[in-house]
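To keep things simple, chains are lettered A, B and C as they appear, and every chain counts its residues starting from 1.
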Amino acid sequence: MKKLIDAVKNLVIGLLTTGKHLGRHAVTLQYPKEKWEMPERSRGIVVLLSDEETGELNCTVCMLCARACPSYAIRIEYEKDEKKKRHLKDFIVDYNVCCFCGLCEDVCNFAAIKLAPKYEFSTLDKSDLIWHTDKLQEMGRDVPYEKPVRKKAVAKPAVKPAAKPITSETENKSTAGPEKTTEDKPVEKPETKSETEQPETKTPDKPEANVPVEIENKDENDKPAGEQI
Amino acid sequence: MEITGIFKYLYEQLVATGLSQTWVEIISLVVAAVIVFGFLAVMALFLVWWERKVSGHIQQRFGPMMTGWHGWRQTIADAVKLLQKEDITPSTVDRPVFYWAPIICFVAAFVAYVTIPFGKGLIVSDLNIGILFIIAITTFTIISLLMAGWGSNNKYALLGGMRSAAQVVSYEVPMVVAVLAVVLFAGSMSMVDIVQSQAKIYQWYIFRLPFGPIAFIIYIIAATAETNRTPFDIPEAEQELVAGFNIEYSGMKFAMFFLAEFVNMFTVSAIAATLFLGGWQGPWLPSWMWFLIKSLALVFVFMWFRWTYPRLRVDQLMEFSWKFLLPVAFANLILAGWMKYSGWFNW
Amino acid sequence: MTAPGIHTEEFQVNMGPHHPSTHGVCRFILTMDGEVIIKAEPVIGYLHRALEKICENRTYQQCIPVLDRFEYCTSMSCNEAFALAAEKLGGLEVPERAEYLRVIMLELNRIASHLIWFGTTSLDLGAITPFLYGFREREDILDLFEMTCGQRLTYNYIRVGGVAKDIPPEFIPKCKEFLDKFDAKVDDYERVLTENPIFIVRNKDIGVLTPEMAIAYAVSGPSLRASGVKFDLRKDDPYSIYDRFNFNIPVTHNGDCYDRYLIRIAEMRESARIVRQAIEQIPEGEIAAKVSMNYKPPEGEVYSRIENSRGEMGVYIQSPGKEKKPLRVKLRGGSYNQLQVMPELVKGHKIADVVAIMASLDIILPEVDR
């Protein structure tokens, strides 16, 4: 008998618990009319950032983002001029495979690529999901970003810490992982390069920028950018 | 044929115009049927919308909002959509059985309204075996469930159909016994008589302790099982058998099952309101409004149950019915009989 | 069970890959005698995405977003398991603040994952409302994650060497606000389900997992603790900084579905306690060791394991030395073992119990199939 009374009591308590929600206001948003305010770090579509004054892309075709992408979604087509400097022909992002991980944004030293908090880009046709430079740049025009502070070049050559071969200096310290904030990208990722592959021609690094653990990256000649594997 | 209620009014009007007897009867029957059917169709539409809103607000969301003010046109939109759907009939089904199952379900749901009083004098026909007629008609749904299960030629549908037939049959018995207690006390099976024996609020059968509330609770539980609602909705257990007996139905046939379920829900609420809550009686407001208020309150209780409780397993459900509800219902009946016989409770 | 002279046959029912209650695409071939199940055979592989092979062609930092998808309900744990293994290989030291941030994120993710479990369990049993209540709380947690790392489900936040970004200043007040109301919400959930007689009768004495069977099948996590074996990697093989926090390990002894439910509800409360302590104690500092994009650990192999909300999650990495890509990555997920023990548990029960047992074991197919 006691079990019966307990059972009935608990059934009624259950009813009252759901019943009290009838009086509460709904917690949902009516999507097309009301939209959620996205946080600033929200990782939405990949956009290319341009300089505010000149309107040109910040991208220097260093190919780091294409190499960092785990889904091979970024494809960069470039041409080299007489001074072996690269100029961008086409920057293609394939949203069919992009996983919005943000590694491309993390490795970029020039604030050229960012994942903007925009998410409304569904289309009816798969081929519309492959975006080229113009669309990427246009979507990136109103995205705020912090321009990385570029230090003036210090006198070369860098004194390398002993026992490290000159060529394979550290990685661009565009460490994919650890960064304090998105803003202060430690820009002095200077590497002296002597390999043809190495993208930057920047000022030499300071000793403490060296990564304590990993050393060479001799084999930078894997996938030249522009090829999907 | 007894002529009472709306029917009577129509009948007299038509006789006055001088048509022959058979024609008068036929015309008045057709008109009454159309009125009741129209009311119920609108009620089914309203109930579907209301269920979605109630469930939405219990879950702290809105429910339909886009089609009209708070989505009141949603059911109409759904009905139009279902009409446009392709009516897929798998090739291996047992055709006559497959086609007739939803029709029987639909018809059985509506025929029960012949003896339900919508208000004072608003009844199609006050049969003197009113409640017995209703119970007999609602058992037709069992046949249609079995037909749907068998005719679909599908293991899941068969399992669903058999289970639901077992469930409905098991819960018919305590429901009838609970209703019998009320009939015993009222002394008549006619619905109008039962309502009139609850003239004052303290005479309502739900308040006639001790047998009244027990009979009411048994009736509500059994009615939940009859209409296949949670916690007894094994036949529609989406999570286990993916829609049970109506797995092969699409388009308008599915719509018929679906609407029949809501009409059934309103039927059992209306019966409960009539038998236990005093029918159409109440101060100030017109009688049909009281009837609607009471029925819809009970429908709300059914919806509340659905969105709160998990579902019972089929053997637990049967065990509950035969081993618990039925003995309690019988004991209740005996108690009601004693109360009537002793004559001390006739207030 | 059958009357003499009546011929009955067993029949096979396919609880197919497309099913609303098999959490993911899992197929069961059930051999039944009436309503009772005689044999259940799981067929898996519908969600195999070759994650281990993909990781062989990615650098260590690139593996992290790939492994986010290993078990997307607890993506932070996947990141952590891999990061711990990679750090152990290279002997990296993770800064204090990063460790605290990791613990906060891991425990919040555990709560979020248990809320999914709670919702889907009650949904499978027919009570649809607690699903939405659980997800309402989960939205708050996901908002916290979104404000930190930008994503709501696959975070790519815990990297090799530390974490990706520091928490913004509004994180801690919002987290405290969430924790303050969370206990009352869990009480609400308990009021709807825990003492509900229908819920009890569906779950008590269903799918009893004895401790011997659990250990034999290497079941881990809450399912193991519900059978009476007090084993939790956070206490028994502490990783990260779990030894600095005060928390209990709930254990029950019956091993049925109801116990597994009770354990997970209790775990949600304990995780909230841990997060509260971590927020109090978090120091300032760096958030990551300096690790390059092409991290090259020395040669070796390592296996590191963590306590996920579904059991032990382990990552085994074999590195050829001075290469930026691992040679072999092997993943271990707790759901695999629990799926293995399911055919034993469902024998003799009815088809409705298959759903209840699967829900209570908290199996997620991506962890099984990788």
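The definition used in the following text is that a contact is a pair of C-beta atoms (placed from the backbone, for glycine too) under 8 Å apart; a residue touches a chain by one contact, two chains touch by 3 or more.
Source: prediction; values computed, not measured.
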Quiz item: Which two chains does the highest number of contacting C-beta pairs join?
Solution: A-C
Quiz item: Of all the other chains, whose mean CA position lies farthest from subunit C?
Solution: B
Quiz item: Taking each chain's centre as the mean position of its Cα atoms, how many Å separate subunit A from subunit C?
Solution: 28
Quiz item: What whole-number Å value describes the gap between the mean CA coordinates of subunit B and subunit C?
Solution: 45
Quiz item: Any idea how many Å lie between the Cα centroids of subunit A and subunit B?
Solution: 60
Exercise. List, in ascending order, every residue of subunit C touching at least 2 other chains.
Key: 129, 136, 192-193, 196, 198
Quiz item: Which residues belonging to subunit A are in contact with no fewer than two other chains?
Solution: 11, 14, 17-18, 27
Quiz item: Using the touch rule from the top of the page, what residues of subunit B touch 2 or more other chains?
Solution: 58-61, 307-309
Quiz item: Which subunit B residues qualify as touching subunit A in the complex?
Solution: 54, 56-62, 65, 304-305, 307-309
Practice problem: Name, in rising order, each residue of subunit B that touches subunit C in their complex. | Solution: 55, 58-61, 155-156, 230-231, 233, 237-242, 307-316
Exercise. Quick one: which bits of subunit C touch subunit A in the complex? Just the residue numbers, please.
Key: 57-58, 61-66, 68-69, 90-92, 129, 136, 139, 143, 146-151, 154, 156, 159-166, 168, 188, 191-193, 195-198, 286-297, 322, 324
Self-check item: Residue numbers on subunit A that touch subunit B, as the complex places them
Solution: 11, 14-15, 17-19, 21-22, 24-28, 30
Exercise. Spell out the part of subunit C that touches subunit B in their complex, as residue ranges.
Key: 11, 13, 19-21, 35, 122-129, 132-133, 136, 192-193, 196, 198-199, 201-202, 350-353, 355
